[in-house]
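Once you've had a glance at the structure underneath, I'll fire off some questions.
Labels A, B, C, D, E, F, G and H are assigned to the chains in the order they are written; within every chain, residues are numbered from 1.
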């Protein structure tokens, strides 16, 4: 006989243990897109205590939708190694252009990263950052539902040695840092430069180059890197996103 | 040098090939929740031509959210074999009650089903059914965005030997069939009976028992089975959902 | 030197003359879709005093969108003659299946019908019907904007010997007639039977068969005919719509 | 017997062929208003590979509504030649002021331009531009529904030798170029000057004068020209719009 | 020197005196349209204690908008006497058809009724009725803003010997009475019959005939009379509305 | 030095302990209005394990707003004893009519009930009931935010020997029970009869009389009692509400 | 027998005559509040050709609501003469403070102004101004419904020797002039200074002082005067509003 | 027998007396959060005439929600004395960290402050301030419902010797003062500096330090103090809030 209260207790106990453990992290990744998942995969693989926070219900962000709702995406030669690492089989459309089912890519990135040890907190939004000694030292979090409803309910706080802003075009972490603290970032202008128009080739290079620490304790990756540092956009080609995730993981790992 | 137009062409060509192939199916699964994914896994594993249609961006439905936004879920003893088949490692909370990370379960079900050969069309909504010789013979589909916006844009149509209504509590396929065709279903009342209140034990048994063909060509599975046939609800315990998916796959396979 | 007030006066004078003339009609067509436009074309060509009322800004309804936002549509062999009459050049996809650009079809139907003499009042909604001697004898109209905003502003009224309900799936004229007057229609049940699910072949035949006078003074055409009389739907194939428009024009002309 | 799947396949195949061909253009026109349609007409007539992209369902923009919902409009003497070219018969209200039915004008412009060879993609929105060698070299496009819903779904990209911003008062292409690239335009201030108040005479002259290349690869026409360059507005008189479309076509043709 | 607090106190004191006095009435009129204003005029003129309650900010309802936003209306011969009584000067359009500026009519009806002694509480909504001895004996009222926002805030109550439902097409008082008390009304069916389609002549006669006591203590007038008793609608001709208001005032006066 | 993580941990730990304890209750009260608070006060005072679930942020429901936003309320002679028990000092307006500040009453009821031992879970909504042996045996709960957003996220479940529906006019628990289980209630019709119009005297008596067990395991109190059993409404007088809360507490206590 | 078409024709004919006449005015008043109505009254009384344009359905603006929904307002000694002129009887609350029913004041101002000859176009919004020889020379108007819905529909235009911005706090005419033409106004800063906080005494004086021509052809009156010139606000005391209307009428009359 | 009109009269009379008395205050507190309630408690205890204005239905603001909807909060050692003063019993989680039920804290603060003599006007919004002799001298108030609906209805005004801005993060009073009067505040920049990111320790100290008079007549307390003066935020720890309320009460008391 199934007891509904035992089910409730099992869920609460497992969650609270997982959530409480995530209040003190090596790395907190904000945003559930491709560069964040790849970063989480490599960081977890190296045994770091790493968790991802995503305000929406599902993880994967814009990858699910492919290009213009046609649920396929392209990875170019440079990103092939990471696809192989993830066990994904791609079809070569033209030399150096591989097409993949975007739904499968989304699920695989989540699957592989969690198998490697990444903890994911979906439905949890980043509201603000913690500042300690002029350094980003953690996140202020709340339920995504509270943010969506704009209810006035206090958040909770976690500490993390490093934070990765992997929130895509909006670069939410960098935005809140600049808006509330008025600090200068490690960018060409000291501010958030803004994403440029489409130029896929440059965009892909920029996504990797711009992946860096923009303020003590805060890294940017993926489209957030281009948005913060003024790189071009690239559309539904994902090599740069994957490489950006790999790079940010490598750089942070060396400092832990 | 990356060429943006080649990327566009690669995506369009891959999608159109995949989509055109899906216009003539063995089995069309409507709704991207757990019973549909398990059904898709087993059907694809047996080499059936099977595709899933989900109006939302991501696949997995309510599983992502765990219980009350605590992203864990429970599977009881009866569902353990399917978890094992999916390669998921569960923690035993109390004897016979296994807790799993709900985000990992979502990603794993999608990953395994697609690896087995299931094609998934997210962002595509079921609008209506095709009727041929007093039998459900296919789906009328449209972009989920068109449905969300309630725009007046004509749909397209696909043929399928069987359709599975795996749309959860709403039982959308059964609803549209009854509303538009006024037919009698294979249920205790001939109509859509409606889901009962919570009684986890009964709900789990009902989900499996109610998984059946309710009209020539149309099966129901998962919560849609209980909603159509009048079963109890069971909350965040998923054994019944998994077994329902396994059962509907087995029954349809035997008829193909 | 252009005088803005002369421009205003020119527009007002032309409109008022056109609008006032339309207060006493032979035929009032409600809804700007394909069957209504074809009906308007043939009625105007025979010198009838005919006007169309459409609540939206543009004319053409769902045709613009093709199938699932792919802006192409299909006309089968039976509708080929009307396409030719309209001067449209179609491409044969498979024997008996002609594809046409849906944007071009929309514009052409409007263009040809107005060249033939049809008056079109876009932005004007049908609110109710006029009843005289147990017969539909005209329309109660208002700005579409008033209807959209649900503002309480009185309508105006026009008289018409016949009214065609060409409002598509909603069958708005028939709906308001039944709801407010409680009358019995010339259908199998005496009420609005409702559109059935998809069966293109039957749907096409039904659209023509169901095109008829359902209450003294009120005809239905196109999808409204199937919705009122219980025909199947057919999706983005338009032969039946065109033939329905031709039929309703022929039947009404004989009675004027 | 009609086969629904053949209908689906015919639509998909025709659309994909048309859409894929439009990924490499001579001229991409953004926005479906009068100046864009006239430009498309003349460019297509001269055999250029030209396509129009409009996020809404129907084409014609504000013309459909006449002045203040009175569906008539005015063309002055200067625009008479283009009206004649389109085969439209106007009524002279006062010397030099011609009134025309605005619905007929909308349909006729679409009809004539497409007959001349213009391809139109309704329901497709311009999201951004492609930049190559400091020049606008194409468009980043997405479904209009995706833009309306503000869903995070990646776009596709097309290349075009020239782009015309014919988006009316909003001047969307110029806006996105300035906002994302921070470039200086060929205007009196280097920025987007903004449309002035009403002065019909000046507005009409300005619309033609301001029709020009404002950045390498990007032309503005119609109200977008006045909005970008600081011209006066003119209301429901359309001579300037038509002449602007003719001018932009002529200038671009000479460079192709 | 003006003192803001004195202004506040003056307003509060005047309002509270007026509002408290209105808690015990001879007649409570619900809805601020033409029949209610005319009824209020005649009742107040005869010295009855009468107040009107209207949930919106302004009084006059749909009269302000004329016909289809053309702010003129028509009164036929039968209503001429009441127009004259109100001091309104009408223009005869055709014999027996008088046109009047609808804005002036709105203001004049309010002006004359209040000068005669009617108290008007705008921004106050009727939420329910008071029942005493199987009779409508008063109103349950709340701020219109509370109703608009659907906030859960308790109402206040007033007693009245008679209530007039002058709420137009919605017949809100009759609706709430039937819905909550399940009583039988003095109509052909015992229920709310519903307004019929347009037939101006019949509608005008019906509006007067249907003006009566439909339940002990509750009268209907104007369009509410036709809506409750099943009369035809008549559009922007107002003779019947005025006569209905005169009739209901006369009938109630005789019983006070 | 304050540590933010310690604050987070303190809150999580205190909450989880309180929440887990509430999964097995003597009495679960749904809705945070006056009758529920009084019931909770008396039950807790007698040492019962009792918790209240309210979907909104604050507790007190409609009491905060007084009558028509004038934040005062009335208690009549019959309710005076409970006011005294709560330590509230009332002003006698007329003999037997006491006025109190409605904000103070709200805060006091919450304060006194919690001091007595009632646990309150605000922001938690009742979604469904648990059924065991044809008896209401617990609640299916979810975050109020999930309900407000209509997100598809599974609930959790708790067991309770008795449930009190104190949800006011909506009678949400009774509604869900009847809608999903189709059972017959202990009312005059076996169904939910619906609240009647205003008659304060009867309404007050009814509120107490109708406070009873309407289905095994389920009691109704306060306005929910009148809504379920067909009592009159009474407006901003609260004696009946208080007495209803006292009665339901007494009846349930005797059975525990 | 009433003929519905005659009613329609009567309304259209009367409206078009009135509306066409208003395309060439002495004075166009934008906004239907108290200062505009008083200005219209005095201008019309002196035989000027004057019309008012108000986007909402009813005229009177915020006066209807009194202070904080208590429908009374105050006029101080200075405004007493205009009240008397309007035939309004006020109650003296304290020496120099007169209270009046705000509903009656609204209706009376409209009634008296229209009796004097003011034409009022409700439901018509000001969209822009006409500029001729560096002077405001008319209005660009559209239906208020078009503005509310933000539909892209062209406006019409009228010429007027003077325009009064009586749009209250928003000062819409001044705003559009500054935003679109970038001109310098006759204010302390050359721009729109903005309304200050509450100081009733100063606010009343400022409302009269700031009533002036702020740009050739454009006057401001009432709260718009304070908003444009930086005066204090005064709340529900109306002497200044009335005197402002009187002043603007006098100043303009002298120049016509 | 209960008389509904007596109930209405009792409520109106009590409210009007309370409200009229509050038009001339010693201290007006804007916002119903913890620092305002504590300030109100201490001011009332010292016999000052003090009232609180809160636009929402309930009082307590964000406290009700605890941290992240877990309805518990923390008070550290420094705030322990005020908790004791309020009679609240806290649980020590770790040395110096006390957890309390957030619902109980909300109710208790309201209860204690009102028992001490604070008058609370919920549902009443601050719209603006009164300025007299370059000093904040009162409030301009309106119903919260009017503000929520953005209806154009005039406010009322009250005078107060001091105003406390206790509106939390938004600092509404300071915002309106700066926006409308352009004055310089007693802050590091002269403007509203804005709240910084999370640093609980600093935030708590800042909340007390920043509690001060920022403009003659206007104090800030609680989160509004940090928002105006640029302090850090602190999340769900409330010692600083309580001490801020105590401090502002003490400072103002000394000046009365």
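Just so it is clear, a contact is a pair of C-beta atoms (placed from the backbone, for glycine too) under 8 Å apart; a residue touches a chain by one contact, two chains touch by 3 or more.
Just so you know, these numbers come straight off a predicted model, no measurement behind them.
> Which other chains touch subunit F while also touching subunit G?
Intersection of subunit F and subunit G contact lists gives E, H.
> Give the chain pair, either C-E or A-B, that is connected by more C-beta contacts.
Output for the comparison: A-B.
> If you average the Cα atoms of subunit C and of subunit D to get two centres, how far apart are those centres in Å?
29
> Please report how many Å separate the Cα centroid of subunit D from that of subunit G, as a whole number.
Chain centres of subunit D and subunit G, defined by C-alpha means, are spaced 39 Å apart.
> Could you tell me the distance, in whole angstrom, between the mean C-alpha positions of subunit A and subunit F?
Subunit A and subunit F have C-alpha centres separated by 44 Å.
> Compute the distance, rounded to whole Å, between the mean C-alpha positions of subunit A and subunit E.
Here the centre of subunit E sits 61 Å away from the centre of subunit A.
> Touching at least two other chains at once: which residues of subunit G meet that condition?
4, 7-9, 11-12, 16, 57, 65-70, 73, 123, 130, 138, 143, 145-146, 151, 153, 156-157, 198, 200, 235-236 - these are the residues of subunit G that touch more than one other chain.
> Which pairs of chains touch each other in this structure?
Every touching chain pair, ordered by label, is A-B, A-D, A-F, A-H, B-C, B-D, B-F, C-D, C-E, C-G, D-G, E-F, E-G, E-H, F-H, G-H.
> Under the definition above, what is the set of subunit B residues touching subunit D in their complex?
4-5, 7-9, 11-12, 16, 19-20, 23-24, 57, 123, 130, 138, 143, 145-146, 148-149, 151, 153, 156-159
> Sort out for me which residues of subunit E touch subunit G in the complex.
1-4, 6-16, 18, 57-60, 64-74, 76, 91, 93-94, 97, 99, 101, 103-104, 106-108, 110-111, 114-115, 120-123, 143, 145, 198, 200-201, 204, 234-237
> Touching residues of subunit H toward subunit G in the complex: what are they?
For this pair, the touching residues of subunit H are 128-132, 138, 140-143, 146, 151-157, 176-177, 180-181.
> Quick check: in the complex, which residue numbers of subunit D touch subunit G?
The contact residues of subunit D facing subunit G are 61-62, 65-70, 73, 168, 194-200, 232-233, 235-236.
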